[in-house]
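Presented sequentially are two complexes of subunit A, the first with subunit B as partner and the second with subunit C.
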Partner chain A sequence: MFNILSAVGFTGTFLALGLSIINISLYFIHKFKIPYIESYQKKIKDNNFIFSMMKINIYLINLCLFIAIACLYIAILTNQFNISYVFSVSSINLETKYKWAALYSSQEGSLLLWAFILSTFIHIFVRTSLNKFHELQLSIVSIFSIIIMLTLIPLVLFTSPFVLSAINQIDGKGLNPLLIDPTMLIHPPILLSGLVSTAIPFSVAIATGIATKKGIAVTWSVVIRKWILVSIFLLTLGNILGAWWAYTVLGWGGFWGWDPVENSAILALLPMIGLLHATYLHQKKGGFEYINLLLGTLGFILAIFTTFNVRSGAIDSVHSFAESDIGLYYLIFLSVLVILSIYSINKNDFHGSIKITSLLSKESAIIINIFITTMIMLAILSTLILPITFEMLKDQKIILSPDFYNQTIGALILILLTALSISSSLPKKFTSNKKSILEVTPILLLLSIFLLIAIIINIDQILIFLAFASCIGICYGSIISITRIKFKKNYNKNNLHIQLFIRSLSSHITHIGLALFAIGAISATTFQSHNQFTIAPGESYNIGQYSFKYNALRSRNPNKNGIETEVIADISLFKNNKLITSLFPGKNFFTSFPAQPVAIVDIDRSIIQDTYIFLQKWDNNLNTQFHIYINPFINLLWLGGLLYLLGTGMALFEESVVKNE
Partner chain B sequence: MNRVIFKIILIFSFVSIIGISILYTANSSQKNIKDGRVSIEIKRTYEIESQIRCPSCGGITLDLCELPICREMKKVIATQIETGLSNKEIINFFQLRYGDIIINRTNKFVYIFFISFFILSIVPISLFMKKNKLIK
Partner chain C sequence: MKINFYDAKNQLIFLLIFSTILIIIFAVYSANNALSYYMTPQEFIETQHSNNLRIRVGGRVVEKSVKYNDLGITKFEIFDENNIKISIIHDGVLPSLFGPKTFIIAEGFALNKNQLKSRSIIVKHENEFLTDLEKADIYVPDYPK
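This part shows the complex of A and B:
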């Protein structure tokens, strides 16, 4: 059996691997003297031949992987089920738009997409930013090549998506039912892009660390600030889309379940946020070389750790791929990165030191926040390592309950919010302790008021009230700081001024977004109400001022996307006996996945609350069980997320447009 | 009044009032809709179901899982409530049958383990900070 797309696709990945190995060899030829070819080595070094070759190879790797992924996508689009991967993830009646999701719905395809996105980012970086690192260019490209090689080895050797099936299949098994949702067309590629983008700071940090000249390019993080922002933007967007998907598809009324894979997905984001703030301090005050190197390398290490978690089957999660041997390979990959990181951080001896004027200055507040962010990252990391360690040491499986997360990571997040609320109102330029105390007084007043309210109303929720007060404090501090930004009329003559203006504004918008996000998250989790009831068609169920009238249960056969039957309940929602809306929760049953029905959730949205309805089950008499969740202010979470992205986007705009002018 | 102080008071009041309103509304919306028309037995069933995890799925509690094993477990819970067993006795019954993994509560030992790991991880950070001359 022969398939041209399979042959071309596999050749593409194989060539890309070969080119990455050639690049690494070229670096060694340039770096070390090899007997017998020394004169030739000198000649090609002088002509800058090696560097040009390595650059061309990077472009060619990207081209090869583009061809490979295009072949796989065409094979899915044209239903070539004699390719095993296409058979396992697609089917004839799968809508064309979901064939895109089929491309990355399983291990092999998602690894290919990972490799392609990685090579694309590297290609763009080499074209646009590499020339800023004079002496380090060769080292950076060689580290890129090592990462590409390590990514491509499993694709070529053990998990190729181009393997042909022994039998010629007429139809495929179909797409995983959980992926048949519009959010899934963008959430996985964006999250993958975010994780992959951390390879840029990693490579530059490693190259800086192992640079032979001491103190060379210590400002690396400033130069690649744009790339740090890209990582933050993509990882935030990917996580928000993931939360949106969980909320609208999984049917449990929440957006974040402290699932190990969800936790892994935010792991890489935290060091990037820390790095951005450390870079700001480095620009202002100098120093921070070690912290920058550590945070810069941690992002990608944690991204690979996430990949290991998702792909090894070491943890139980709704998001993980099936258990496979690739886990061991990723453990080796991870070890290589950790060794490289430790080596590069310890090799150089930076002499930068930081002078902090006062504990009440903006700089010290940022340092404290970086420290707390790192603590949160470590706490999340330990919750991921704990179950595996427990199983290894005590041969006992443990599952961490939501209470555990709330009491540990929740407590750290509360500390972060409180620290951020105080730091957001501190003046940008420190003048005196007295002035700083005066600026912080409203925040302290706000915290005291909310503590007092908590003592009067409900002492049990004192921490929730404190978190609320902190979020409001962040909004207050950020608004005050925005009103202080001065915008000179001659801004068009002074690019630096407009750059600083956008930078300040974007940071405050991001912080307001974070505060709103936290308010939405706290409201929707702490004050959520859940009702579960069983009623027959024609009956109503009352919850407070709301009445749910169950009109009918209908079923139909949509004959697309592998859905065998779609069952929909017709519900009329009344408030104070007045019809507000009709809701249609239901369930989809799939031909190829009979044990995996997927919920159709319906939500009545408003600014104040979401009324979320989920159909659980029904019996022969159509007595149907529903779950109703009332989520107050959950839409502030999405609004906050958008503001956060807007702020990060503005900072990116300032980096890429204003500087270029 | 000084213009700057007026601006600060205005923003402070505006932000505080909005914050308190959100907190009050969220808090009261929860109280208003907790009085569903549900019998004590059914409430107890839901309560127990939310404290027990599905033995197959790992992360999902019984009330949200529809696997055959969970349906059977729910039937057993309903029968045990009818026979007069307390919530604790019912949960203990499932704990004995399936082990501690089934309980939707984290073992106290895990907390100790977590805190130890956490404290130990602070050491390398502190060393880095010292190397970076952030602390002396």
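This part shows the complex of A and C:
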């Protein structure tokens, strides 16, 4: 059996692997003297031939992987079920838009997409940013090539999406039912892009660390600040979309379950946030070279650790659909990155040191916040490493329950919010401890008032009150700081001032976004109410001033996306006897997976609260069991997330805005 | 070497070291109380359970064993590769994809030697679904018409 798309696609991945190996070989030819060809080596070095070749190879790798992924996508679009991967993830009646999701819905496709995005980022970096690194260019490209090679080895050798099936299939199995949701058209590619983008800071950091000339490019993180922001933007967006999907599809009324795979997804984000702030300090005060190098390499190391976690099934997770035997391979990949990282940190010889004027200065506050972010990262990392270590040492599988996260990570987040609320009011330039104390007095007063209210109303929720006060404090401090920038004289006459204005504005918007996000998350988690009841058609159920009238249960056959039957309950929602909306929760039953229904959730949204309804089951008399969740202020979470992204996005464009001005 | 505690940098370093120690102590204490032990149904039956030990049991749902009541309690059985079965009494929402033969992980506390009371259930989203086109042992839900 022959399939042209399969043949071309496989050749694309194979050639890309070959080109990455050639690039690594070229680097060694450039670096080390090889007997018998020394004169030839000197000649090609002088002509800059090696570097040009390596750059061209990077472009060719990207082209080969584009062809490979295009072949796979065309195969899915044209229902070529004699390719095993297409058979296992797609079907004839799958809507065209979900065929895009089928492309990365299983391991082989997602690894190909990972490789393609990686090569695209590297291509863009080589074209736009590489020339800023002069002596490091060759090292950076060779580290890129090592990463591409390590990414492509499993795709070519163990888990190719282009393997042909022995039988000619008429129809495919269909897409994983949980992926039939519009969010799944963008969430996985964005999250993958975010994880992959951390390869850029990693490669530049390693190249800087192993640079033979001491003192060069210590400002590497300042030069690639935009790439750090890209990582933060994509990882944040990917995680928010993941939370949105979990909320609107899974039917449990929550948005974050502290599942190991969810935790893995935020792991790579935290060092990138730390790196961005450490870069700011480095730019302002110098020093921080070791910390920057460490944080720069950690992002990608944790991204690969995440991949190992997801693919190996080392920890039980709801998301283990990509589990396979290649987990061990990712352990080797991870080891290579860790060794490179340790080597580079050991080899460099940075001398910079930061000067701290006072504990109440802005730089101290930023250092404390970087420290807490790192602690959160380590706490989450420990929850992923502990079960693996425990199993190796005691042959006993364990996992940390959500209590650990609520206590430890919750406590760290509370400290972070409190520290951020105080630091947001601190003056940018430290003058005296007295002035700093004066500036933070309103925040301290606010925190004290909230603590007092908590003691009077409900001492059990004192920490929740403190968190809310801190979030309000962050908003207050950020708004005050924005007004201060606004009234600076001559800011519009000088490009530098505009740049600084946008940078400050974007950082304050991001912090306000974080505060709103935290208020939404804490409210929806702590004050969520849950009701379950079973009623017959025509009956109503009352919760406070709300009344749910169950009108009917209907079924239909949508005949698309593998859905055999869609069962929908018709609910009228009344508030104080006045009809406010109709809700339609239900279940989808799939032809290929008839015993595994997927929930259809419906939500009545408002800024104050979400009324979230989930249909559990029904009997022969159509007596139906519903679950209702009231989630107060959960929409602040999404709004805060959007503001966070807006702030990060603004920071990305600050230089171009200056140029336009 | 004499450390100058009036220097802001030293104060900050001291604060960070002190905080690290506190965080580690707190995290270890918290983790100790939040450990959940994973077992197969066979290991569950063979283990002497203490009352406050949090347990996760993983297995496939036995066909036609799922029973609901109006209070939201679901009772069903799971089996492991040696066909050893235990009962799960679940109080809460059943996740999407829950059904006969799906691999689930139930977390809760042991009621007795072969019964677990669970508050949360994870359904593994497997790469290959058991119920495929050829071999589907079809469970037909009562569709309203």
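We take it that the second predicted complex is superposed on the first by the 642 of 661 C-alpha atoms of A that agree within 3 Å, B and C clash if a C-alpha of one lies under 4 Å from a C-alpha of the other, contacts with A are read in each partner's own complex, and residues count from 1 in each chain.
Following the convention adopted for this analysis, contacts are C-beta pairs under 8 Å (C-beta built on N, C-alpha and C of every residue); 3 or more make two chains touch, one makes a residue touch a chain.
Keep in mind that this is a model prediction, so the values were computed, not measured.
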Exercise. Do subunit B and subunit C fit side by side on subunit A after the overlay, or clash?
Worked result: clash
Exercise. Of the two partner chains, subunit B (first) and subunit C (second), which one does A:Ile69 touch, if any: first, second, both, or neither?
Worked result: neither
Exercise. If you stack the two complexes on chain A, which partner ends up touching A:Ile385: first (subunit B), second (subunit C), both, or neither?
Worked result: first
For this session: Would you sort A:Asp403 into first (subunit B), second (subunit C), both or neither based on which partner it touches?
Result: both
For this session: Report for A:Ile472: first if it touches subunit B alone, second if subunit C alone, otherwise both or neither.
Result: first
Exercise. Is A:Pro632 in contact with subunit B, with subunit C, with both, or with neither (first, second, both, neither)?
Worked result: first
For this session: Tell me which partner A:Gln545 touches in the superposition: subunit B (first), subunit C (second), both or neither.
Result: first
Problem set entry | First (subunit B), second (subunit C), both or neither touched by A:Leu514 | neither
Problem set entry | First, second, both or neither for A:Ile291, with subunit B first and subunit C second | first
Problem set entry | First (subunit B), second (subunit C), both or neither touched by A:Trp252 | both
For this session: Could you pull out which residues of subunit A sit against subunit B in one structure and against subunit C in the other?
Result: 251-252, 259, 316-318, 354, 367, 371, 375, 379, 382-383, 386, 396-401, 403-404, 408, 532, 595, 597, 616-617, 627
For this session: Could you please specify the touching residues of subunit C with respect to subunit A in the complex?
Result: 7-9, 11-12, 15-16, 19-20, 23, 26-27, 30-31, 33-39, 54, 56, 58, 68, 70-72, 93-102, 105, 107, 122-129, 131-133, 136-145
Problem set entry | Complex contacts: residues of subunit A adjacent to subunit C | 88, 106-107, 171, 173, 176-178, 249-253, 259, 316-324, 354-359, 361, 364, 367-368, 371, 375, 379, 382-383, 386, 396-404, 407-408, 411-412, 532, 534, 553-555, 565, 567, 589, 591-599, 614, 616-620, 622-623, 625, 627
Problem set entry | List of subunit B residues in touch with subunit A within their complex | 7-8, 11-12, 15-16, 18-20, 22-23, 25-27, 29-30, 32-38, 46, 53, 57-60, 63-64, 66-67, 100-101, 104-107, 110-111, 113-114, 117-118, 121-122, 125, 128-129, 131-134
Exercise. How about subunit A: which of its residues touch subunit B in the complex?
Worked result: 251-252, 257, 259, 287-291, 294, 316-318, 350, 352-354, 367, 371, 374-375, 378-379, 382-383, 385-386, 389-390, 396-401, 403-404, 408, 442, 445-446, 449-450, 453, 457-458, 465, 468-469, 471-472, 475-476, 479-480, 483, 519, 523, 526-529, 531-533, 541-546, 595, 597, 608-609, 616-617, 627, 630, 632-633, 636
